[in-house]
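Naming follows writing order (A, B, C and D), and every chain is counted from residue 1.
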Amino acid sequence: MANFKGHALPGSFFLLFGLWWSIKYPLLYFWRKNRSGGHVQLNPDSQRLDLIEGVVKVVFSIVGILAEQFVPDGPHLHLTQGEGHSWFKLMNWQHSTMYLFYGISGVVDILTISPLGVPLGLDRLMLSVAVFIEGFLFYFHVHNRAPLDVHIHSLLLIAVFGGAFSILLEVFQRDHFVLELFRSSLAILQGTWFWQIGFVLFPPGGGTAWDESDHDNIMFITMCFCWHYATALLIMALNYALVWCCVRRCADRTGADLELGRLMKSSKNTSQKALLQESDEE
Amino acid sequence: MANFKGHALPGSFFLLFGLWWSIKYPLLYFWRKNRSGGHVQLNPDSQRLDLIEGVVKVVFSIVGILAEQFVPDGPHLHLTQGEGHSWFKLMNWQHSTMYLFYGISGVVDILTISPLGVPLGLDRLMLSVAVFIEGFLFYFHVHNRAPLDVHIHSLLLIAVFGGAFSILLEVFQRDHFVLELFRSSLAILQGTWFWQIGFVLFPPGGGTAWDESDHDNIMFITMCFCWHYATALLIMALNYALVWCCVRRCADRTGADLELGRLMKSSKNTSQKALLQESDEE
Amino acid sequence: MANFKGHALPGSFFLLFGLWWSIKYPLLYFWRKNRSGGHVQLNPDSQRLDLIEGVVKVVFSIVGILAEQFVPDGPHLHLTQGEGHSWFKLMNWQHSTMYLFYGISGVVDILTISPLGVPLGLDRLMLSVAVFIEGFLFYFHVHNRAPLDVHIHSLLLIAVFGGAFSILLEVFQRDHFVLELFRSSLAILQGTWFWQIGFVLFPPGGGTAWDESDHDNIMFITMCFCWHYATALLIMALNYALVWCCVRRCADRTGADLELGRLMKSSKNTSQKALLQESDEE
Amino acid sequence: MANFKGHALPGSFFLLFGLWWSIKYPLLYFWRKNRSGGHVQLNPDSQRLDLIEGVVKVVFSIVGILAEQFVPDGPHLHLTQGEGHSWFKLMNWQHSTMYLFYGISGVVDILTISPLGVPLGLDRLMLSVAVFIEGFLFYFHVHNRAPLDVHIHSLLLIAVFGGAFSILLEVFQRDHFVLELFRSSLAILQGTWFWQIGFVLFPPGGGTAWDESDHDNIMFITMCFCWHYATALLIMALNYALVWCCVRRCADRTGADLELGRLMKSSKNTSQKALLQESDEE
């Protein structure tokens, strides 16, 4: 859907996932750090979260595919048209294909938890493939358009391929907190940038269109992309701080009686670790 | 051989290897997982499989080289022609070169098992080099052709270089199941895509040729490539499920009397591991 | 600031950081090596150094942003201009954006030491992002300029993206001395190259301008870039030797009485390690 | 030196190093494998070999620099010329710069063995940088030349940048035998390809020059590059087999009396390892 809604829809999906991840991963991180002390009562069942995430991914993908196919000017599942069998509404078909791969990624997420014994890391690989396919299709998507249109989509590709690469690393470095945060920030960036593309190319409410061949506009958009990422980092930082506060408050409320025991335990561990490190370094 | 058969032949080779790998690696994976319990009677002798694979690779390569050289319009081992010593049938020579490197990879596979002490990982490196050489030759292959021809071969390059990179990773992460599955899926993709190229550029049975400069055709082919990969993933999933079922049935039939022992053993191990993990995380 | 000062300012920042790192990391390296013997009295409080570094980074960034905004011909925080709301002084805004990300990197450096529990590696990731953003903005910066101008900035990009990649590796290989030295050398290279750009494009003191489309100038500048790196390596080597001498002298002065104990300890460790290695290799 | 000798000289250097490495690394590999049994009497003092290698590298670099500067049509250390201070013989200066970085790499090789405590891995990083600089200079070297000239140098770049990347990996995976073999093969490839460039662009003995814009020549050269690599692999294999034979013969002659002891030892180790593996996999 080459209109405002066609960019707002995927933008919202990415934004939702990015925001969700920016809360989920710090939560899991603090939970892992504190588990041995028995403090935190939140105890997010990590597997159940992954299951829900997979289901939501599949649902979003189906919504996306249906929206692309059955909007009034959509292809309604027809791939060719007329007597010459010329291709019909390929744009919408390409978008459907993008959603399809996110759907596959969601299915693999679900299978990973199933008793089929799907190996860990396959879910990350499939997510990486889905993001790569998105970038791949976008790359050939913007042929023969106005310079600003090409440029604004090229910037998206940086977030997309950066994300695909970062998620690929997670195949080998699973549960690497820094990579998870990076992935979250790129998802937020993608989300807000899809909205930005919508606002620039299809100004809603009948605003004046941008001059798509003005070099100054291109320079501004380049910089604007950086500002979006700075904003994404700010949102990440706020969510992180929020989670940190919540976890601390929870811990304070429930943990007073357990504190003494934990402290003794942790100090014992620390001294053991110090000993180990010393002997390593000698 | 710039005709339908010249694409169907390598396509079939890749498809065969891809399908074989998509069965072999899950089998080895389940076998490794269950070995300690003594359940599975399949017990594939991994070394013998590798040997057979190497021999098949060498045979396929020789078939490929001979086919390229001795088809009626082939170079019949002549590199130059006429008085001016102009180059003769370079296309077929390039294809022969591609097969040659797959042959070398097969030889290294065989040597790895020999008593020569060839280090593990060299077989993967040589396979990666063979795939890279294929991509390298294709890259300079499609100079000065119609846009659709160039594009459909460029798409192949994504599968090829992706495969070369993924196999290179296997040098360092040998027996990484996710990488092995990824390699299998890319081999299937290459195989089906070679067939697709044959159908598009040289429609068999005298079908109407595609308009090679129509932008819509290029857009469709781009998307079609993604569908091929989705199909490859589906085939992989089916084969995986098939292997899973077979392994389970085998295990059920033979393993009833061994079950108790295994369970006790595994539960003991699990509790030991849990203890170890707990002490790690503290 | 498209003038000499606008290149000398960031050049000095990078040069200062590069020189500082080329002293700091060897110092930490020798300190780590000798710690167990209790020799070196320098004992640099590594955390305090990181804190100071973060604060200096933030200060430099603020200085850079203010300089770009409030020089006489700067935008004075105005983004648009006139009735048509055309963009105003985007060059300066882009430079401000570059400084902003180094500022963010500095803030993350500081937070890493705070009790917020920011994970190790995030500081490196943010530095890598900041360097990448710098390269990203420069890449789109030099559109439509003279060949020499484009080329001299492209060379900078090699140092910039090389640095971003190298720092990204540090996320996974923290405290890898070779990577730290490499980062230092690239920072020095960037610093001196910014000065070189200033001298070439805006000759101070009214020198004659270079012919910006002469191919020989481009060839010389390419080679000159290599010479800058050779110089950077020489500076690194001198600083390394300097630190080595200082550490040895310090050790000699204070360590005479501790020597015997350390020697006995280290020889004991060495023999233990030799034993361990032998059993590993068998 | 844009003539046959100017390509034969570096070609011979690379070829010598490649051949030497293709013997050295298998030797070290077998030596490491067999050391515990006390069999092999060759016992190459690895450190002394590295020292000699470093010195030879430095000597070759000085020879290269002097040859480039003081051939009859060389710049004789003059960088500018005439009144206009136009650049003088930049080609030769660029080649000198390439040799300079190999010289630096040689110096770091030597320093690594010195008591200065230069960290392991720095020698590999500097070699990687030297190879990268070579590729970097070649990349901007071939501007505005005939298509065949550009193409034949571009092919060289694949060997060069592949080598630089592979050596960079060795910073993190030191003594990885497969990477060492790969490096050796690429060095041989570079060596023979430099000779090939010489023969194509400056046919010695007054042979007829190649038509530098004939597309068929370009296609042949592309394929020829692959054949060079196949030849390099063959040479590697022969040298490997040679070393394997020598090591076995040596071992047979001297080791008869030690055999029994070793066998008992190794069989003991093997059974221990098998036990360890079993418990790992459970």
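Note that in this section a contact is a pair of C-beta atoms (placed from the backbone, for glycine too) under 8 Å apart; a residue touches a chain by one contact, two chains touch by 3 or more.
These numbers come from a predicted model, not from an experiment.
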Chain whose Cα centroid lies at the greatest distance from that of subunit C: B
Rotation in the CA alignment of subunit C with subunit D, degrees, nearest 5: 90
Between subunit A and subunit B, centroid-to-centroid distance (C-alpha), Å: 31
Distance from the mean Cα position of subunit D to that of subunit A, given in whole angstrom: 43
Multi-partner residues of subunit A (at least 2 other chains): none
Chain-level touch network, classified as line, ring, star, complete or other: ring
Listing of all chain pairs that touch each other, if any do: A-B, A-C, B-D, C-D
Sites on subunit A touched by subunit C in the complex: 29-30, 33, 158, 173, 177-178, 181-182, 215-220, 222-223, 226-227, 229-230, 233, 240-241, 244, 278, 281-282
Footprint of subunit C on subunit D - complex, ascending: 32, 35-36, 86-87, 90, 93-94, 97, 100-101, 104, 116-119, 121-122, 125-126, 129, 133, 136-137, 140, 143-144, 171-172, 265-266, 269
